[in-house]
Amino acid sequence: MLQRKFAIDPGKMDEEKRGITLNIPQEVKITFSASPQKQQEKSPADGSQTDTSLSSSASLHTATGTTNQPTFNQHPTINEMTTVPPPPPSSPLSFPPATFQKLAPKTFLERHLQSTPATRPSGRSSDAFRKPSLHTNSLSHAHGSAVIRTGDTAVVCGVRGEVLSLTAGSGGRIVVLRSGEDGRRKDEEGEGDEVRERGLVVTNLEMGTGCSRDYHPGPPTDFAQAVTARLHRLLLANKLIPLRPLRILDPNTEEVKAYWVLYIDVVVISLDGNVLDAAWASILAALHSTKLPQAYWDQDTEGVICYPEVSRYKPLEVRGLAFTASFAVIDLGAEKGGKVILSDPDEFEEGVCEERIMVCALEGEKVGWIEKGGGIGQVAEVIECVHRATERFRVWEQLFAEVLGSRG
Amino acid sequence: MAPPQTSQQTGTPLSPAELSYLHTSLTLTPPIRPDSRTPTQFRPLIAESDILPSTNGSARMIWGDGGECVVGVKAEVEKNSASTGGARDWIEISVEVSGQRDDDAFLGMTVAESLLVPGSGVLERLVLGERFHWKVFVDILLLTPPLSHPATLLTLTTYLALRNTFLPRLVSEVAEDPVFDDDWDNALALYPIGRIPPPITLLVVSVGENIFFDPTREELAVGDVALAVSICGKKVVGVRTLEGGSGGVGREVIKRVIKESHEVAEEVFGSLNSVGEGD
Amino acid sequence: MTDRRRINGPPEGTTPLEFLTGFTHQSVIKRSPTTLRKIFLKTSLTPPATGSAFLELPTPSSPSTPTLKLTASVYGPRPLPSATAFSPNARLTAELKFSPFSTPGRRRGYIRDGVERDLSAQLSLALVKSVDVGKYPKSAIDVFVSVLDCEGGLGDPGDGKGGGGVEVGLMGVLAAAISCASAAIADAGIECFDLVAGGVAGAMLERDGDVEVGRVGEGGDSGGARPRGEHARKVTLVLDPSPAGDYVILAAAAVGYMAAKDELTLVWTKGSMSPSSDGTEETERLIDGAIRAAIGVRLVINEAIKERWLLGLNEIGLIKEKGVGGDGDTAMD
């Protein structure tokens, strides 16, 4: 440590050891995550004996096929590493897979999917989703929060309640709604509209956090705005948030004096494709873990006062579960295997495939929402996606049951 | 000593060779500054106070290199709010640099931090009975940004303006709505003589063994470290690092800078106060 | 002006919660004044970034006790856009942003405010002096720090801390951001002269309960205005003060410190300890205290980077050991 300069640069170290010129530092990055994608990306460093011998793109899929053998998740043994010297490049036109991936992304993906068994660059099969993980209530200033990680995509969602007072400057917008027996049926029907019209749920997605190379701080990009709008629409369409707990009543007259407004903010920490599924699951988990303080309308101050005791916080009664599943479709051509549906696409696959399908599955094998665009497909394609989405629903459901307990 | 590097932020037009020459001449004993000032000497400046009749206090300062700053202080009566924000909001500071879209965060924070330092006693003088208080708006307008860092120019002008700020005398009882004496001659100073005066911030740059006050842009570029030292009354109340210099500096250098700034500040206060009396 | 690119709340505006009694601060874990809190620091948690790190203070026993969580990611060195002028050194920019749900009281806005811009500027200042920018001409290095959760004490209205004392929350956030970002820069494999660790120290005024005639005499504040008891109270130097604690911090210092070179890259002090003295001696003691705190933090950064490095070596098969490092959770004395 006492030397004047030091650098922690594993890439550099490899360079000295093996005499390979490494131009792009991120390609030799070694990460903690054992994700196959990264294993492959660092292959110029560790698997150079295979990579440098690739003389043409045609031989690529066999080469990558070998790295995608079932052993891909294990660390290379020392024998392999030390005894096999890197053979000299056989042809001046040879690329390591990472370079090939950058130069011809579509061909790269197609070659992977044509190998047997068909494997995606990440090592997953075409219908495999990434394994999710969930933590809730890890933020101290949010009323509910959740962290979701699927592969290399990680998002944090925080829900915070604020008070919308109907008397303060709302003028003619005061609408008196009774919450008595008579009004109940009407409420159940119209409450989605009331949540929407009052703007009681505010969903936002923040991607300018350094989560990926392509998004920078500043106003949200078109993509971020589009995802935000989809999340917001799904939340309202599925009627997951009940209206009743959001109302704050006058204790004497039972009049609605104020509302809770839920600010739902999703912060993307790390982005590797399919931000919608992760963000949606984090919103749902955060809502399920949300506890709002007990509040009452105080006539003296004409304001809403909350009880500070944590024991008097009440959970938000979120109605049921709904989970989205996103798919990307690639057409390999009629003679090469037709269309392939990729579940839970990562950033690279999203960049290559234009056709997208999103299914929002509900409890009891119901479907709440289907989106399809970017190309023309058979109905069977969508039906296949619905099947996969119901499978995925069970995975999420089990995870939520484990983390959130009996609730939900 | 590390060779000087061209600082991106300061953007001096000097070549590496010129910067190296400057660095060497500043490290000599005694040092030679390009404008032949002594290390503690400030550049000449023009200062005047009470220039804006519609404010409670104002000042203008023109720096030798063309920098010009105007500060106006306005006070309004505001009802105490129920929120727990406290007296911190009672003084609002805005720094506007002409030609810049955003207000300058660093300058604003430096001024606010030193102005609101606990124990300066100024917030207590803003209390008007039980339910009201003065809300003071300090608007700092940098008409022509100086070639060097504007922190010193800005805080010296603010000091002058605040020193000359007067608030009407309260004649009503504590529980009543506030009523004021309409005779300006009876108005009370926001910073009365004998109390802790407003803070100033001095810019100091350290080159080798030497310490320079009021550095020019070129001197900032070759310095090892540039510090903004805020002094309120006779106390050092804040230190911040500025852009400039390459690499870190030993803690002894920083301590020496703080100590010297404190000594120089006394002289600065003296000359600033004479501006007020001269009018 | 409404932000049309985001979903906004009700047009009438909403108010933060008001509680029946004043905001009660949860009791914080008792420590001796020179004990630092444990830090959890782990690198490479944002795989798309060139380098990244996550820093967290240990999860407190009660979930509502505030803690500090932040992530840093580093991109680069990448070529500067062709429109920019030639630069012989790498340009390092740092952006620090509080998440909307990260602070007590009012929600934070989406657009960077003055506090965030100020912290960003100080962060880039503290980091740039540790990076060997001369090695990367014509390139840019971007550092992003997102604060997910913080302890408060930011000087915001509604923060729950009334008058008296300076707010150390921002200093704590800045110091943690420096340490975390420096680990992320090392994780990115960018050449540095040294690592920077952030440290904070504060001069704590004890509460009225324990009246002791302390070292600092009964200084008559000439303003006569300090909102404090009539008794002289003991002032202690605390390393790594928590803004959530039930005490008043009279003065505080934050430093960015390069331990191997014994050099400072950033100094930020505010407040004054005693009304009688000139404040220079106190400021010096605070800076020394903050350096001691930074040395403790540095050990954690070393461990986190060593752990990641060993794992990397293990992965490519250069060393055999299976059990490398811990979980990055390193205790400090």
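Each chain gets a letter, A, B and C, in the order it is written, and its residues are counted from 1.
Definition applied: a residue touches a chain if its C-beta (ideal position, glycine included) is under 8 Å from a C-beta of that chain, and two chains touch if they have at least 3 such contacts.
Keep in mind it's a predicted model, so treat the numbers as computed, not measured.
Centroid distances from chain B, each centroid being the mean of CA atoms, peak for A. The chain closest to the protein's centre is C, with centres computed as averages of CA atoms. Averaging Cα coordinates per chain places chain A and chain C 29 Å apart.
Chain B and chain C have Cα centroids separated by 26 Å. The mean-CA centres of chain A and chain B are about 48 angstrom from one another, to the nearest whole unit. Touching two or more other chains at once are residues 23, 193-194, 261 of chain C.
Not a single residue in chain A touches at least two other chains.
Of all the residues in chain B, the ones that touch chain C in their complex are 5-6, 8, 83-89, 102-103, 105-106, 108-109, 113-114, 117-125, 194-196, 225, 227, 232-243, 245-251, 254-255, 258-259, 262. On chain C, the positions that touch chain A within their shared complex are 5-21, 23-24, 42-50, 52, 59, 63-67, 69, 71-75, 77, 95, 97, 99-104, 107, 110, 112, 132, 142-146, 148-150, 152, 186-194, 259-261, 302, 305, 308-309, 311-318, 320. Those residues of chain C that touch chain B in the complex are listed here as 22-23, 87-89, 91, 114-115, 117-118, 121-122, 125-126, 129-130, 134, 155-160, 162-166, 193-194, 221-226, 250, 253, 256-258, 261-272, 275, 277-280, 283-284, 287-288, 291.
Residues 1-2, 4-12, 14, 17, 25-26, 29-33, 35, 38, 42, 45-46, 75-78, 80-82, 137-142, 145, 152, 154, 156, 158-165, 168-170, 173, 198-200, 202-204, 206, 208-213, 216-217, 219-220, 225, 228-229, 232, 261, 263, 265, 267, 269-272, 293, 295, 303-308, 310, 347 of chain A are the ones touching chain C in the complex.
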